[in-house]
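Chains: A, B, C and D, in written order; residue numbering restarts at 1 for each.
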Amino acid sequence: MKRQAPFALVFIFGIFMVIQFFVPHETSENAYEFLLDWIIIIGIFALALGIWSLFKVSTEKIKNRKEASEYSYITLIGLFVMMAFGFTQRTGESWGLYFIWILLCCACIVALMTMRASVDQGKKRMWAIGALVTLVGAIVVAIFDDAWQFYFTDPQGFENTMFRAFFDYVMMPILATMFALLAFFIASAAYRAFRARNVMASLLLLAALLVMSRFNPYLPFAEYVAKASNWLMNVPNLAAQRAIVVGIGLGIVGTALKVILGIERGYMGKG
Amino acid sequence: MQAFEKLMMLDRRWIFLLLIVVCVFTYVFDFSIPILTEPETEAIYNFVDSLPPGDIVFIAIDYDPNNMAELHPMTYAVVEHCWRKELKIIFTSLSQNGPGMVDQALRDLSDSLAQDRTYNGVEFKGREIVRGVDYTFLGYKPYYAIVILGMGQNFRLPFSNDYYGTPLDSIPMMQGVFNYDQCAGVIDLSGGNITDAWISYGQGRFGFPLFLGLTGVMTAQYYPYLGSGQVKGIMGGLLGAAQYEELADNPGRAKDGMRIQLSAHLVIILFIVMGNIGFFASKRRLSKEGGA
Amino acid sequence: MKLQLLLLSLLILMFCVPVGAQEDSAMVDSLAVDSLAALPVPAPVTDIGLSDLPNDHGHAVVVEWTPSTDDGSGLANVVGYQINYGLSKDGPLDSVGFVPSASGSYEHVGSKDENDRTYIPDHTDLYYRVDVKTVDGRLLVSAEVAGPVQSSGQWYNTGRTAVLIAVALFSFLTIFYVQQAKAGKELYIRPIGGIEAVDDAIGRATEMGRPILYVLGLGTAADVATIASFTILGRVAKRVAEYQTPIMVPTYDPIVMTVAQEVVKSSYMDAGRPDDYDEDSVHFVTQSQFAYVAAVNGMMLRERPATCVYMGKFFAESLLLAETGSVAGSIQISGTDEIAQIPFFIVACDYTLIGEELYAASAYLGREPKLLGSLKAQDWGKGLFVVLSIIGIILANFGVESFGALFEVAD
Amino acid sequence: MKRSTYLVFGGVVVLFALSWIFKSSVLEDGVYSNVWEAFKVTLAAFLTLAIFSFLYKDNPLYKFAEHLYVGISAAYWMCLAFWSTVVGNFIPRTFESLSAAFKQPYQPSSWDILGIPGNIIYIIPVLLGIMLLMRLSSKYGWLSRWPLAFIVGTTAGLNFVRYLRSDFVAQVSSTFVPLLGTPDSVSVWSSFDLNATGPVVALLSNWVIFIGVFSGLVYFFFSKEHTGWFGRTSKVGIWVLMITFGASFGYTVMGRISLLVGRITYLFGDWLGIVQS
């Protein structure tokens, strides 16, 4: 039962979705929409598990004093502060004691983590008291400060300007820079891998060189290089893509069928 | 011989360093590189260049901020060229965030047109660009295919007023201008499907000369239309924009971008070549040693 | 002569000045409007035909008509048609759509949600009228109201028969070859470079005493590439458990994390070492593409895995991962079905499974005959593709287009 | 942490402060906003540099940026999921009182099962979600397989038909191209042009596409030994694949350099103000 029931579920829902594809009727469409909604809702619970996992791994790192474990504090503080921004809102013009509240909460988290990490009983007690004090402080501030509120009433969500600012000035620059690292890595990968070791590597190298030179005005026959690389991107590329797409399509179809029929069980660790 | 092996095993940080130095250098210090022009872009340039003053060109700015890097330089180059030639322009923007692009370009270009400039040896006096005389901006309307068709009958059908709320009938340059027939041609600068609508609904039904400015990734798939004659000219990506700037003798952002692109590409090619020299040299040495 | 010239220039002046002046331009446009208003009335549309839209969930009607005789010919002043509908013949009809001139049909597709503005009731009499819109923007209400018609949903989409045949054929082939394999028939499978390397790579990690990094990519559990990757992870984890080499599986998607935990845990149990399993070896990082990459890259340089395996869906991060892995000195094996990323993996990794090879690998690694059976079915699929293509090409050379229509699938 | 780490951080903090002060003095307008604006611009610039420093080697600054980014982005997606999915989608369809509390319009279902509103069906995914959380318990952990089975089954079924359609059936007809001659191939040699527009090149291209697809598919054959003519065809196939991989690699370089230029523009234009963008 414990082992077999999930595979029965896979089979039932898999077959249902296949049949649904051929039935345009309203009932089948409603069922389809429901199932997709369900996946999203289950995803929310999974996200909670995910955040828990991130939290646990970070605290474990601190506890085990692994290499670079101090940085886990930064992860946890970032996690909490951003979450706080996502669930609170300024009510008036000024921020009031909002940032003091944020600081108190951060201090509380740090104290809790350090408490977990410390071995000495006396130190443990000291950090516990610290955590308690900051927690009480944070609660007091949250109760008595009217400049901001927890907003479980505003459907718009991200009204908090701090949330926006963190997104624009912390997340976006890091994202864009991570992306820009590709410029360097594409260069080093090309240097490392484009060696004419054999026929295949030479073809790879020549095609890349040709396309990379397509707008180099200093090259002889520059005009033809541009045209040839255009053709390369248009014609052989199309052929190769189609061959790969058909292969991938059949691979997906074959794997999906094996999963539905219960032939493939590796995804449940039963291989 | 040791040197060749070093060429092969170079620490990648040297590549990073050279790449960033070259990029920053070419970014900060202005110098010009020759741009090789292609007939597809020349067709657009020649079309604009051959028109007599007072003719009307229709320019569709159908791109969003995310395609700005490639398409905005085209707008700047083409519009500046048109206005220097004292042509009149009708703008539309059939992409939702397009009007912002047009606004920005109009502001910058009006400033630029106010100055005296020399292009291709011809001196142009600075002049004031007047809305309603030098250009009309019709604005944005959803359902681009229907808008394109409607404009083929009469611009007043989809746009009774221009973007700023002025009725088209009271705009000086729109007197006697009803549809594409009164325009010398249409230039569509687009980063998406709107191009297809311009080809099939616009050019296909009304037969005006159509020119395209496209993003780099789109370009290849529109070449067949050049062969069939439905499209008279194509500018592809930053490269196409740079070619137009080169032809118009008006170096701008696209040529700046191409300068950086070219030098970065040269750095990468240089390293590839170095790696291969090292590879072949050490292979030869190995085979010699093996032979001996 | 001079007088004539003077008169002529005066005349020209008289014409030119008003155009420039503001107040007189109104005169010009009133002239323009007058000339437009003077356009004669175009003929109305005829032969309005109504039918239920086939192969749908209902709530939709196809309206067809013969265009006005003044559309494109005759007076040539039609710009389009406005379609109106209502629940009774005499009652008011609402405008539901506009189509440009020269078109003779409109699909009126409504919502199935009662609360939606565009809701069309099923099994109810509906009435339609098609009005002509002219160049100068006038709407000429047609006298003819067609109807009634009823919309309804269908239980089978005839436009998808081609797919149904493909489903039947493929299922049959797969089950057939799986049965054959179960019966003990030998199936040849060609060697796949990357897969052979996996075992060596695990052995290498054990020798070096360094961990193995397994990256499942950015796919969700809904992507089949990720499911295939789970299977490969299962095999790798089992081998790893046997060798007692640590494994690290940072994940991007929380559901993928839970499945991966299940997979790794079961593999450790199968290997007979359930106690060695560390729940935190499979952990969640974040659901942001580049933050995930930043963390995995950091992990690579700090933990220095001997082997990095990338299997699943990858996007722009493919090269970021693979290059950092090479800095860390790891052996790298990759596989993805994301076509745009294959070149980067090919260039930066030691072994790359191209597209379908990823799916083949999950079957291949297990060496289980019944899993290999489906590979045979996939090969038949490719063979069929080639044969159909050749037939189609030959027919295309003779100008026969109808063969291609057999493969068109309705939305 | 090592002493050098503290030194690095200390140095960076000093530099940050200097840059912040300088930037605030350069920016105009209101007193409050320009200090805050300058802080944001400087912060973004330092984070940019911290990530770039990874190119040299793993270092405290990169670690700082990385860990900060992970924490913030995880929270960002959680908030997004909560507000858009839970509050925006789930609650309005299930609980009237809760949707009022969140000021969401309640969307009752338009149908019912034996008098019970259809919305009750949303209880099932919630139950499945709770079963998923059971994995935290060692005793009932096996229950968490059920929701996973549900997800995998549904999506496998979904993908099975959809890919069979888009990657197989729909691809067949797109290979139907004439190989012997186009109807207008009279002036075959007069308009030889590499732009894939002339008739000769068009025909040649059709051949290349056909051979490419055919040999590429042969390469992906698993159940036949790649020897003899089959092996040679598969070799052609992998060559075609390699050429196109090389070409698309070369083609992508331009876009990646543009990304770098974007960051350089930020550092030199927006932050340092050396170059006007």
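The rule is simple: a contact is a pair of C-beta atoms (placed from the backbone, for glycine too) under 8 Å apart; a residue touches a chain by one contact, two chains touch by 3 or more.
These figures come from a predicted structure and were not determined experimentally.
Colleague: Check B-C against C-D and say which one is joined by more contacting C-beta pairs.
Modeller: The greater number of contacts lies at C-D.
Colleague: Report the chain ID whose CA centroid sits closest to the centroid of the full protein CA set.
Modeller: So the chain nearest the centre of the shown protein is D.
Colleague: Of all the other chains, whose mean CA position lies farthest from subunit A?
Modeller: Measuring from the centre of subunit A, the most distant chain centre belongs to B.
Colleague: State, to the nearest whole Å, the distance from the C-alpha centre of subunit B to the C-alpha centre of subunit C.
Modeller: Centres of subunit B and subunit C (C-alpha means) sit 29 Å apart.
Colleague: How many angstrom lie between the CA centroids of subunit C and subunit D, rounded to a whole number?
Modeller: Result: the chain centres lie 15 Å from each other.
Colleague: Quick one: subunit A and subunit C, Cα centre-to-centre, how many Å?
Modeller: It comes to 22 Å between the two C-alpha centres.
Colleague: Provide the C-alpha centroid distance between subunit A and subunit B, rounded to the nearest whole angstrom.
Modeller: The separation of the two C-alpha centroids amounts to 35 Å.
Colleague: Where in subunit D do residues touch two or more of the other chains?
Modeller: Only 51, 54-55, 63, 65-66, 69-70, 72-74, 76-77, 132, 135, 145, 148, 151-152, 155-156, 158-161, 163-164, 168, 171, 175, 195-196, 210, 213, 217, 220, 241-242, 245-246, 248-249, 252-253, 257, 260, 262 qualify.
Colleague: Tell me, which residues of subunit C touch at least two other chains?
Modeller: Subunit C, residues with two or more chain partners: 160, 163, 167, 170, 222, 224, 227, 255, 258-259, 262, 285-288, 290-291, 294, 298, 302, 342, 344, 346-347, 354-356, 360, 375, 378, 381-382, 385.
Colleague: Got the subunit A residues that touch at least 2 other chains?
Modeller: In subunit A, 18, 21, 39, 42-43, 46-51, 54, 68, 171, 174, 178-179, 181-184, 186, 188, 190, 192, 194, 204-205, 208-209, 212, 230, 233-234, 241, 244-248, 250, 252-253, 255-257, 259, 267-268 touch at least two other chains.
Colleague: When you draw the chains as points and link the ones that touch, which shape shows up: line, ring, star, complete, or other?
Modeller: The chain contacts form a complete graph, every chain touching every other.
Colleague: So in the complex, which bits of subunit C are touching subunit B?
Modeller: So the residues of subunit C touching subunit B come out as 19-20, 22, 25-26, 28-29, 32-33, 79-80, 98, 100-101, 135-137, 327.
Colleague: Across the complex, what residues on subunit A touch subunit B?
Modeller: That would be residues 183-184, 186-188, 190-192, 194-197, 205, 208-209, 212-213, 215-218, 222-223, 226, 230, 233-234 of subunit A.
Colleague: Given the complex with subunit C, which residues does subunit D contribute to the contact?
Modeller: It is residues 51, 54, 57-58, 62-63, 65-66, 69-70, 72-74, 76-77, 107, 110, 132, 135, 144-145, 148, 151-152, 155-156, 158-161, 163-165, 168-173, 175-181, 183, 210, 213-214, 217, 220-226, 241-242, 245-246, 248-249, 252 of subunit D that touch subunit C.
Colleague: In their complex, what parts of subunit B are in touch with subunit A?
Modeller: Contacts found on subunit B: 8, 10, 12, 15-16, 19-20, 23, 33-36, 38, 219-221, 223, 239, 258, 261-262, 264-269, 271-272, 274-276, 279-280.
Colleague: Once bound in the complex, which stretches of subunit B touch subunit D?
Modeller: Per the touch definition, subunit B meets subunit D at residues 13, 16, 20, 23-24, 27-28, 69, 216, 223-224, 226-228, 237-238, 257, 260-261, 264-265, 268.
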